[in-house]
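Across the two complexes that follow, chain A remains constant while its partner is chain B and subsequently chain C.
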Partner chain A sequence: MSKTTVILKREFRSYFLSPIAYVVGGLFLAIGGWFYFSRVFFDFGAGAEARMDGFFNLLPLFFLVLVPALSMRLWAEEKKLGTFELLLTFPVRSRDLILGKFLGGLLFVVVLLAFTLPYPMTLAAYGKLDWGPVIGGYLGGILLAASYLSLGLFISSLTRDQIIALLLSVASLLILVLLPQFGAAMSPSLAEAFKLLSPVEHFRSIARGVLDLRDLIFYFVFCGLFLYLNALVLEFKKRNG
Partner chain B sequence: MIQVENLVKHYGSFVALKGISFEVPSGQVLGFLGPNGAGKSTTMKILTGYLYPSSGHVKVDGIDVQEDPLSVRKKVGYLPETNPLYMDMRVDDYLRFVGSIRGLRGKALSQGIQRVVEVCGLARVYRKEIRELSKGYRQRVGLAQAMIHDPEILVLDEPTSGLDPNQIVEIRELIRNLGTDRTVLLSTHYLQEVEATCDRILIIAQGKIVADGTARSLTSTLPPGPLTVEIKGPKDKVETQLKELFPPETGVQVQFLGEDPPGEVCFRVGTSPESDEHVREAIFDLVSRNGWKLLEMHRPPATLEQVFRKLTLDPIEEPLVAKELSMGGSHV
Partner chain C sequence: MAEEPIVSTPEPSKNPPPAPPETGGNGDGSWFAFLLSAIFLFGIFGEILYLTKDWAFRKDLTEEHLYSLSGSTKRVLSKLKEPLVIEAYFSKKIPGYFVETRNKIENFLDEYRKSAKGKIQLVYLDPLQDERTREKADRLGIQARSVQTLGSDSLSLQQLYQGLRLRYGGDKQYVIPFVVSPNALESQLTPKIQELVLGKKPKVALLVRPKANPNPFMREKNQTPSWDLVERALGERYEISRMDVSKGQLLPKDLDVLVLIEPKDLTDWEKFCIDQHLMRGGNLIVFQEAADYDMSSMGMFRKIDFKDDANGSKLSWRDQLGSYGVETNGKLVAEMIPRFWGRYVEIVRDQWGQGAAKLHYYPFWFRVEPLDWKKFAPQLVKKGEDPGALAKTLEQGMDTKDPVLKGLAQMQFFWATPVALKKPLKDGIQGKVLVRTSPRTLTESPAPLLPPSDSNLIKEREARVLNEPMEQQPLVVSLRGKFTSFFAGKPIPQRPGQESQKDKSGGLLQGQDPSKKKDPGGGKQEPTKKQEATKKQDPAKNQASGGKQGPGKKQDPGQNQDSAKAPGLAKEKDASKKQKKQETPKGKEPAKQQGPAGPPLPNQDGEGKKAEKEEKITKLDKAKKEARMVVIGDASLIRDDFIMGIGPARTPSSREGIVFFSNLLDSMALDLDLVELRNLRSVDRKLKFVDDISGKMSLEEYKTLVATKKKRLRLLNVFGPVLGLLLVGLVIWFLRSSEKRRFLALVQDPGFDGRIKIES
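Right, the complex of A and B next:
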């Protein structure tokens, strides 16, 4: 078991020790389910083809709150408890710590998403379901969550206060999500450029069921950047106390 | 062996360490003594690789902490000043986590846990959530965490702060036992603690080492305390005769302390170390000449507390030390 895995396991398990994860996860499943089922009945009523658009369209919005609620504690809580000093004096590289935390949070999101798998399965049982966009939606959802999480984890490393981490993360993600709209208000070329930077746009592209390498690269670079910034924060703290 | 060479640490414009150098041979229990803010924790944080020094080096067995932090951290067990506990974890889960991240697997892990549970007396709370534990037990869990990998070096930052007297005694006992077969660096501002547990004392003040030695060698640098004499005899007579024997111009101060039980009078006699021999003999002669009884003649050595105060108080406050000592009677 690598050091990263040890951290990953602790982070993942610790979500089940705190009420926040249950509340947030429960709300996600409840609201998601409600939206989803209301759409199902609506679509069935109209005799339309079974789809999960309703659910996946809302995912960027759900994650806007859900992911920061999961990422806020990742570093801030360690600082509050004093375990930050413990982690950083273990014989473990900073990047393994960061990666373990990132993957532990991501695993929790993946599990939450897995709990929604009954939705498409019931759809497939009752009607004709195009699996392409569904698989794309789940894959894109995981990548979207990963990008949000890398940002939230970075912000959590800046403070010892979880609430501040939550607020700052939600605000930064909101700006990121609304970036294309800001761009559109200024100039069409800026709108295109900002679309390229928006995790939501790349999610929509994957969720259409088309896997484009450029979308994958975007998420890879985005996560890599914020995980790297996180490492810089840790290095800065060592230097300056 | 730990070598600390000329450590300097800046926090912004504030200089917390102003060039600290010392060596700790293997197996020594070294006490870091100093007032709050002296730089004890900062030194320990640099030693464990949590902070980088602004300049200077720390080497453990010849390995520079900054060049190869992971190798050094493997050798070191560390209990930071804020006990680093995950409150919502159970003791066993916590120890398993620390053991695993320290690289223990399978049998080595369960043996490591078993050993620290035994040494630190955690069997009773092994399956409890850490948040439920008393402060003393939490401190033991923190210690257990630091030694789960059986490290050569233990760095303990104020391991007994905030504990009640019974818990303090227990933790000190534990540390003394731990120190028999490994190097221990311990910081504290309790003076009895270093006297009780350490082979050697470093006193640090305002980012500098101001004293280095055994408790004995440090206290012998200060003159001993005042002579206390207890005499069985009539109070008034004893007092007048003593004052006659040592009139003010001799520089010897006689201070009446009390009479308890009636007929036993106690005096404190302030002397300078040079005149000491002569004063004791004179008192003895006086007592025997009058047929009184000399119950006690006692002169305590300087305490570590006096050494500590003398070395660590601001220069501005230095007169306070002198006043304090003269109240104790040794100042003539």
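Right, the complex of A and C next:
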């Protein structure tokens, strides 16, 4: 078993041992489910349709709180408990540490998303569901969570306080989410550039059921950037104590 | 899976010593170096995104390939023999909110370029940057639109160009002045490419004669039913004209399809023209109605009276349809399975003027699905009856194998009337039913009022349907073959405007009583004295007077010698030759012989009189070419208000109606290449909570069951996953507790030697 896998398992398990994961996860499932099913079954007009767009449109908003709540503890808790320095002395490379924590957090989000699988199953039981956008939506959701998580993990490595990590992550993600709107208000070329930088725009593209190489590259590069920055911080701390 | 170590320990010394920092490498380890590295990384990140922004490799996962070029487009592009140049007059300076739309349009155009495998050249031109390009765009009719743009402190208007010019084969071109939406681009562009490749537009004539709204106030408010949307939608692809035979001319011979929408007040001459169009191998689509209702009458749905035949008409339109093989009974169909009912949303106002929406189920608006009803015989059968015997009588709701209905998940009908195939059909005619209702339906004469809010409307019929035999009502039928003329053995009806000819020449036209005098209002289709007079005529007499050709004369078997000539015309022999020439295949005909040109009206000048003299109408008793005819027992399914959706809730809406009509026209006039373009998004994705096919459930039971099911599903989906998560937590807590207990038991054991066995 590689070191990354060992750390991944440890992190993943630790989520299930912490009440915060149940609170945040439970709230995500309850509120998300309520919002979605209140609307999808509303058929006074043309009739309710077997579509998951309503749910996937909510994901960027829900993840804005959910993912930082999961990522805030990844480094900040280690620092608070004093295990951070200990961890750095272990014969484990920064890369393994970061990837392990990142994948552990991502796996937990995947599990939470898996709990929403009854939604498409219900729709498929009572209507003709197009599974293409559903697959795209879930894949996009995972990639979106990965991008949020990589940023959250990086911010968590900068601070000792979990709440500050949470607030900083939410604020940074909010800026990223609203980036296209800012750009549109300024100039067309900026709007285009800012759209390229916004994880939400790429998520929307995938969630409609189109797998575009450019979107996949974006998430790969975005996650790579923040994980690498995280590694820089670790190295910096290793050297400077 | 191996159990995790209870106590984590550092890994054995086989591990290499702490690795040197493989990341960063920032040398002095200062924050400054860190910041520099971060900025450098962000730069790389931006660069990668910029460099890959044009990498267009994508996979469309949607079932209907909503975001890809359709098979129709690819087939049309494969027909390109010469290079097609697409000049995109797109201004680069655009408002921010328009960037996404522009990107999508450009991506779509790029898809076209790639799919054409080198046959499409895509050129982008910015009229705002170059004065000559702007002038060229203006000359082509590509106009800039003013769009609002938000500046730093104010709103301003900006010029936006987004037009396309297609050039094909040197001289052919087509211009799209402004591409509004990327979603509609394919259905706009592909037919145009097809048209450029084919070099012609099929010709379609419409006869639209809407019934006037009985409420004069609503009539003033332009509330008369209209069919403008279908006309507009098809105008891009077809050369559409209105059927006009008011001057006594026949329909043009090169007319591909004649469409009769809600035919009413048909004169005998019009019926003759329709008949002869079929005999010449022209295709015919009839949207037949039995009744229509005025929805503006305070939710009362008052019947609008109308007649198929014009006043003074001697021949019945229904008989004419019958002679081709289609029977109509003038009744309305009421669907009695709630699952298929349309819903009408009524806005009810209280005493304070506050409006509240009220939903009514309405059995006269219903949908038909491609269900195989044989399978449902056991559910439908009445007590004591044999399901097997019932199954033998049942057929599929929609014949989805037929290209016209391919991909259509449903069709909506509104006050539909059954249109059946005659049994047996005449020799050489093949017919099939394309759309049928469910077996649990009622047919009834149109009532004067049919308000959806009437609670008895459904209750009465629910009781009645139990005693009625089960029978599917055909709603769309298709016939193909060489039809026999309804006018075979009958004289050619009086042509509008003939009265003046008769008076001038002193001769008689067929079907005219010599004792009757000229009506000054000749040419109009209003009941006139002349028409009243012809009504009284003896058909036998007409027939006798019709035969002018001698028995020894040779004639085309399909061509009756009955002819309506302006008296004192050119020699009969020459004219007969001319007519024979006229009946040659379309392509070989000289343009001037394509159907008699509209004869001049009374009081014409010398030129008009000359044309009048040359004119001659020949009647075909038997079709020389195979023709196709489709009769639909409803015209509302393509009516503007039903396509847009009724009322504030826009329900019901007959989106499928426009798709069906387009498919129908394409199957008759084109080669079906474009069908897939419209079948996009045509899958019915509506949730069906209660799938009661039997129709034995009452409306109240149905509503209650739907509401209960929805409530249960909502609760299950909202709380189920949360409970699942908590359950996982409980299991983990339980496992952890037992682990803890085992550990404590181990360390508290008197024989514990201080060593812990680690399993990995």
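We take it that the second predicted complex is superposed on the first by the 236 of 241 C-alpha atoms of A that agree within 3 Å, B and C clash if a C-alpha of one lies under 4 Å from a C-alpha of the other, contacts with A are read in each partner's own complex, and residues count from 1 in each chain.
Convention: a residue touches a chain if its C-beta (ideal position, glycine included) is under 8 Å from a C-beta of that chain, and two chains touch if they have at least 3 such contacts.
No experiment lies behind these values; they were computed from the predicted model shown.
Visitor: Between chain B (first) and chain C (second), which, if any, makes contact with A:Val221: first, second, both or neither?
Guide: A:Val221 sits against chain C, while chain B stays out of touch.
Visitor: Which partner, chain B or chain C, is in contact with more residues of chain A?
Guide: The partner with more contacted residues on chain A is C.
Visitor: Just chain B (first), just chain C (second), both, or neither: which does A:Ile7 touch?
Guide: first
Visitor: Contact-wise, after the overlay, does A:Glu85 reach chain B, chain C, both or neither (first, second, both, neither)?
Guide: Only chain B; A:Glu85 stays clear of chain C.
Visitor: Taking the superposition as given, does A:Arg95 touch the first partner, chain B, the second, chain C, both, or neither?
Guide: In the superposition, A:Arg95 touches chain C alone.
Visitor: For A:Ser18, select first, second, both or neither according to whether it touches chain B, chain C, the two together, or no partner.
Guide: Once the two structures are laid over each other on A, A:Ser18 reaches chain B alone.
Visitor: Touching A:Leu129 in the superposition: chain B (first), chain C (second), both, neither?
Guide: second
Visitor: After the superposition on A, what does A:Leu196 contact: first (chain B), second (chain C), both or neither?
Guide: Second partner only.
Visitor: Looking at A:Lys238 after the superposition, I want to know if it touches chain B, chain C, both of them or none. Which is it: first, second, both, neither?
Guide: It touches chain B and chain C both.
Visitor: Would you mind listing the overlap between the chain B footprint and the chain C footprint on chain A?
Guide: On chain A, the overlap between the chain B and chain C contacts is residues 1, 3, 10, 17, 89-91, 93, 238-240.
Visitor: Flag every residue of chain A that touches chain B in the complex, lowest number first.
Guide: By the definition above, chain A touches chain B via 1, 3, 6-7, 10, 14, 17-18, 81-86, 88-93, 238-241.
Visitor: Which residues, counting only chain A, touch chain C once they are in their complex?
Guide: Counting only chain A, the residues touching chain C are 1, 3, 9-10, 13, 16-17, 22, 25-26, 29-30, 33-34, 37-38, 40-41, 43-51, 89-91, 93-95, 112, 115-116, 118-119, 122-123, 126-133, 135-136, 183-188, 190-192, 195-197, 208-214, 217-218, 221-222, 225, 228-229, 231-236, 238-240.
Visitor: Across the complex, what residues on chain B touch chain A?
Guide: On the chain B side, the touching residues are 9, 11-12, 42, 45, 48-52, 70-71, 73-74, 76, 78, 80, 82-89, 97-98, 100-103, 105, 145.
Visitor: Under the touch definition given earlier, write down the residues of chain C that touch chain A in their complex.
Guide: 4, 8, 10-11, 15-19, 21-24, 26, 29, 31, 34, 37-38, 41-42, 44-46, 48-50, 52-53, 55-64, 66-67, 93-100, 103, 150, 343, 345, 357, 359, 409, 645, 649-653, 683-689, 710, 713-714, 716-722, 724-726, 728-729, 732, 736, 760
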